[in-house]
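Scrolling down, you'll hit the structures one after another.
In the two complexes below, chain A is the common chain; its partner is chain B in one and chain C in the other.
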Partner chain A sequence: MEAAVRALPPRKKKKWNKKTKDLVFVFLMLFLPTLQFALFWVVPNFNSLVLAFQLPSSASGQFSFVNFTRFWNELTEPNSSLFYSIIDTLVYFLITTLVNLPIVTFLSYVLFKKVPFAKAFRVIFYLPAILGGTVTAAMYRYMVGTGGPVEKLLTAMHIPFNAQLGLLGNPETSFTMVLIYCLWTGVGLNMIMINGAIKRIPEDIFDSAKIDGVGFFREFFQIVVPLIWPTLTTLLVLNMSGLFCTYMPIMLLTPNDNRSSLIGWYIVRYTLAAGDGSSNEVYNYPAAVGLIFTCIGLPLTLGVKALCERIFKDVEY
Partner chain B sequence: MSNTNWENKKAIWALKRHERHSEWSRKPKSERIILSIFFVIFLIYGASLIYPIVWTFYNSLKTGRVFNSDQFSIPWPAYWKNYEKAWSSNVRGVSLVQALWNSIWITLVSVTLGLISSSLTAYVVAKYHFKGSGLIYTIAVFIQIIPLVGGITGMYQWLWGTLGIADKPAFIWVIWFGGYGFNFLMLYSAFKSVPWSFAESAFIDGASNFRVFWQIMLPMVKPVIASLFIVSCISTWQDYTTPYLYLPSFPTLSLAVYDLQADASHIGVPLYFAIIIISMIPTLILFISFQNLIMDNTTTGGLKG
Partner chain C sequence: MNKNRFVFLGVAGLTALLAACAPGYIEDNSSAGESAQSVSLDSVDSGASVIPDDGTSKTIKVKLYKAGWGEEWLKEMISAFEKTYAAEGYKVEIVESSATVLNTTEQELLLGPAKNDVDIYFSGQTSIPTVLSRTKKVLKSEATPLLYSFDNILDKPCIGSSKMPEKATLRSRMFGGYDAYSKYHGEMTQWDGQTFELSWANNAVGLFVNPRVLAKYSLEAPLTSDEFIADLKTISAKSASTGVYPYAWAGNNAPNYWQYLYLSWFGQSSGVDGFNKWVSLDNDNVTDGYKVYEDEGILSALNGMHDTLNLNYSENGASNMTHLEMQDRFLTDKAAFIVTGDWLYNEMSQDYSTEAKGVEMMKTPILSSIGTEIGVSDAELHTIVKAIDDGEDDATIKGKVSALTDAGLTRVRAARHVYASIGIDHQVLVPSYSDALTATSYFLRFMYSADGCRIFHANARGTLPFSYDQTSEESAADSVFEQSVRKVTENGKGIIVDENPSLSVIRSKAAMLSWNNPSWRSAQTWKTVMLNISDSAYSAQAMYEGEATYEKNQWSTYLAAAGL
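Now for the complex of A and B:
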């Protein structure tokens, strides 16, 4: 490109040379978005960090570890909702990622192997992602609600349940119902991505596998999984990094249930209470909780990413 | 003419059907059995996803009293009045018509601003070599994967407390002008794949940097922008957290569905169902009309990181 520019006769009228003009252009293009990024990404996150180390309700913003002490006290008190939130978050991760991902990977492979009406299924499974959380959750509440279809089904199958409280209202079953909701709605999005990754595998690999007499399951474990490993890694890492931030399923289904919660919802709940002003809550505490889980989640996510990338190295096709 | 067209189409369909059939019969027997089993599983799971929509729709055609006594009866005669009454339901002090309008303007403003900002940044970072261009890309990828828990607390306090722009539509739009998120990564790879030679010849003709961007490079990535536009429209339409947290006096349809669930037994569950159906219609129409585009876009999304 530079050669082409140099070959031209020099343009005397222009005061600035091309390089300066390029730099000015780059600056102008990046200026507003970068300012926005600084104001609405860097500052809020930095704000959380500062809040975490401030003495609550002190105008001078005095440095203090009191928010972390409170974290420890809340964690170790009997029947601690914080402690249960951590356990629930781990169970949530187990079900929605460690159970969901392998199942969905296999289902995507089945879809790829041309199950009849594969195209229609792909569209239907994607419906929850299209309808969105509020709509899907609202319908789910009524599906499992009092006198609804699921209760009818359970009665017909003679499975006992607490009819008075309902499946979502009963603290014994509510979190299970949240997990079932996540599994039920969590197939489509992952399936589209994994199915897309399988489709990108060159066809001659499958052809030569067929000639070698590789069966259905061996093809899946020895060919498909290693070849789509980068996509699986990405999905796993994204799920992990969002783990402590997730609050949607609880906010949608059981926002008033103190027993079952996720860390993400725990933080949002305390933040809203602080903003509300009607309680004695302060922003400093949820900020400190967030910081603690950032410190746990960051090395964990990066570690898992590094580990996954080492399992099947150099996948190229 | 149209007759032969029709004949041709029919022949093509027959061929395709035959092809599918022979492909199926060529599979080993064990594989056919496995696929048949999974076909049944898929059928049941698919039905469990469609049934709630059908159930919600036909129950939206009942009066509250009929619904309370029987959730499974056929709504006959259909009580269409719920769809009329739905528009005047009260969501946070405004009507559903106002909520529809809020959904429309919030979706359009936030999606448009996000795309403008991202295409500015993605273009220069992908196409100009300057100090820090690599760093910007690395940071953009990094913030997608690092878990910053509790950022929401800082944001909430920053917007409500320090800046005080929350719940003020005239100011709140700045939070949508983000240029380094997911759209940035998608547009970055789109601009990367456009050959620079088009720009070079324009520069030789004396075009300015901005003109090259606006008239030559931007049109080249139009398909990517179009699909990002549709996908973002759907996700913004569904989003209830942004209005819930930062625009509480301007409820969208999605927030209405969330808010009214507590009131549902009060206003009548079938009426609430009518509101659910109304709120899902726009996204369903978008999805049906741009199905392939949406699914393929999500697929490429799997590549990032």
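Now for the complex of A and C:
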């Protein structure tokens, strides 16, 4: 027996142990996303940073602050689209975050309580998120457009409006209509996240609350909101970080309205114009604007995150 | 389990349905359903010589930005060219024909000879100054510019299907002034004045009229701006009951189509040279180039625009209408006039094949202020313009209007030729590192020959910006729309081009547009004016003075941005 064992060829040592294999696996899984991140985020943003400090169309890449001078000139000019873009962005944030988010949270809680037709309401709220921006914008334009159902309703209710310009074509009302569109389409995605967070709350807590005689609203404010606060914080921070990047609603509904604009659209508009070789616009200016608002948005977002985390401590369950 | 299966199938079916409806699956409508149109061409003349083999490649690789003009024109062009140059063995291969060519051309040119083997780009939106400024980086030397200079062929004759040289050179047949807009002026001063791009479409823009609508009001196409405004008022007076409006405009995505009308009036008032002086900032006059904004032609044009722009002259909701909706209103007889471009027919004919027939491009009505300046009444100006359109000679015209001077008649004639074009956006670009330059040069000389122009017109239904005499067959085959565009463009006698980066280094580097005052900056100018037309801050005089003052105040900033 021993002789037979000695005659066997020596067992080859395994080249890779389990730990190595795990590392290789993780590396391979992360390689493509990291490469994509490097190529499509790091490189363009670094290039944008460099462009912001270059003289426009300079082959030698001459350093200059002229793009920032232009920004200041545009900002201090009365009635400039930059000025209105900033105002509209602040209003957009207030409405979509400080108004929409609480409403959606409450609606999610109502649907969670299995009110009649809850499933149907859920589909209705989710639909704009599923259909996509272009489709919902086309539907919305029809609904609020000249001679559309909304105008007919306003006429029937004797609510005055400028029929000649229409609700979307009138600078006095165009941005309000864009906000309503954003409220309508912003419900679905937020609701999915919040609904998921509410469902994670253990049933025992609700049962205990019921036994203790906790009412509908008290349960919402004193139990549900604190327990889903991390999710609400995440949504708030996401909204903050995307504040200066949002442009789709404006591009789809009011692309050429000075009084209805967002910072994101302001930057995109100049970027698109710069890409049009027949125009004299350049990439350097939108790069500078983007950098300015990054410097504003980054500390703001981090500050809001820190503040939110202090309000309610995270509870594990 | 069955329920889950149904849910899964339902979701999969909905996804497939939505995906099929997605815009990406919809082909370019303007060229869908078109078939190639061959043109009767001469065969190769027996006396034609064979191009000697110089060792360069005989295969030309081409990329085409497939836009509203489709691709059949290029295929037919290639077929005719290869037939003509069968003895030389020249071949043309379409490497790519898609909308994405527009976005990739500039990057591909910069790849250099090792990685890019495309010989001709029919594209657009490529910044010539940017490409040329990277010459040393790509070619490791500035001995040759990165782009092929078309000066190598512009002073040579075109060669059609007979393979015999035509009498005229490319440059002489190029629409008047086009080469001025193509000449390079930039940082690489050693190449100043050379031509690195040609155009492959004459996109005429301006005023279009629906004669069916005018006929209902017993009106004819107006010849002066006062007549034009009177027509707008006549139609508008009955709009509430008829539902027909003087014009349609697109406040949502094309409000600055109005710029085309403004440009035409500015060009009429100041003349082509005056207009070009404005675009070029007086040839980049560093000291006081901003003074071009004090040109009184701008004020005259603004007065015309301010009389034209009136919310009552368009349907409710026009301020948020898209350009397709605008063109729909025009073609379905709900508007008499529209300001757009000669793509109108191609873009809309598939869904509006009946309605599109009969609408016409019209020459921009002559500014009545010109009549005042030359000392004739508006009725007399009408007589003069009509006589010019009818081809009458100077003596006959002066006989009809006693107050008319020679200078006045010359001015009106020049104004009558003026039209605006954005065709410069459609660029023909050839990298200088192409290995098929000989074959490429002969292909382009063929393309811009009379035969090539006919092939383009037969298949794209547009025109190349090169003049040629139409055959009687071709004229007969032209639609009313196409005939009207030719009448307006007149082989490019009075062409003007707006905001072309080649014409002014300062404009290009300082991002200086036509309108820079933030109150009405370019892209939103005319919508802003339209919505504030009753506000004195947006009157013609206020705009004129406001813009001129702004340019003067910003001049040092522009110069700083331009590195001057």
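Heads up, the rule we're going with is that the second predicted complex is superposed on the first by the 280 of 317 C-alpha atoms of A that agree within 3 Å, B and C clash if a C-alpha of one lies under 4 Å from a C-alpha of the other, contacts with A are read in each partner's own complex, and residues count from 1 in each chain.
Going forward, a residue touches a chain if its C-beta (ideal position, glycine included) is under 8 Å from a C-beta of that chain, and two chains touch if they have at least 3 such contacts.
A quick note: this is a predicted structure, and the numbers were derived from the prediction, not measured.
Annotation for the three-chain superposition on chain A: chain B and chain C clash. By the touch criterion defined above, A:T155 reaches neither chain B nor chain C. In the superposed model, A:E74 makes contact with chain C only, not with chain B.
Legend: residue contacts after superposition of the two complexes on their common chain; A:A163 is shown touching chain C, with no touch to chain B. In the superposition on chain A, A:T134 makes contact with both chain B and chain C. Once chain A of one complex is fitted onto chain A of the other, the partner contacts of A:S208 are absent, as it touches neither chain B nor chain C.
With both structures placed on the common chain, the touch criterion links A:G297 to chain B but leaves chain C unconnected.
Once the two structures are overlaid, the count of chain A residues touched is higher for B than for its counterpart among chain B and chain C.
Shared-chain residue A:Q222: touches no atom of chain B or chain C. Legend: residue contacts after superposition of the two complexes on their common chain; A:P171 is shown touching chain C, with no touch to chain B. Of the two partner chains, neither chain B nor chain C is touched by A:N17.
After the shared chain A is superposed, the part of chain B among 93-101, 129-137, 201-209 or 291-299 that runs into chain C is 93-101, by C-alpha clashes.
When the two complexes are laid over each other on chain A, chain A has residues 131-132, 134, 141, 147, 275 in contact with both chain B and chain C.
Across the complex, chain C meets chain A through its residues 18, 23, 103, 106, 124-130, 133-134, 187-188, 251-253, 255-256, 311-312, 315-321, 422, 424-425, 427, 499-501, 507-513, 517-519, 521, 523-524, 527-528, 531, 554, 557, 560-563. If you check the complex, the residues on chain B that touch chain A are 20, 23-24, 28, 30-31, 34-35, 38-39, 42, 45-46, 48-53, 55-56, 71-72, 117-118, 120-121, 123-125, 128, 130, 143-158, 160, 162, 174-175, 177-180, 196, 200, 203-204, 208-210, 213, 234-235, 237-241, 254-255, 257-258, 261, 269, 272-273, 276, 279-280, 283-284, 287, 291, 294-296, 298-305. Of all residues in chain A, only 55-59, 62, 64, 66, 69-70, 73-74, 77-82, 131-132, 134, 141, 145-147, 163-166, 168-171, 174, 254-258, 269, 273, 275-282, 285 touch chain C in the complex they form. Across the complex, chain B is touched by residues 1, 4-5, 8, 18, 21-23, 25-26, 29-30, 32-34, 36-37, 39-41, 43-49, 51-52, 107, 110-111, 113-117, 120-128, 130-135, 138-143, 147-149, 152, 184, 187, 189, 192-197, 199, 215-216, 231, 234-235, 237-238, 240-245, 248, 251-252, 263-264, 267-268, 270-272, 274-275, 283, 286-291, 293-294, 297-298, 301-302, 305 of chain A.
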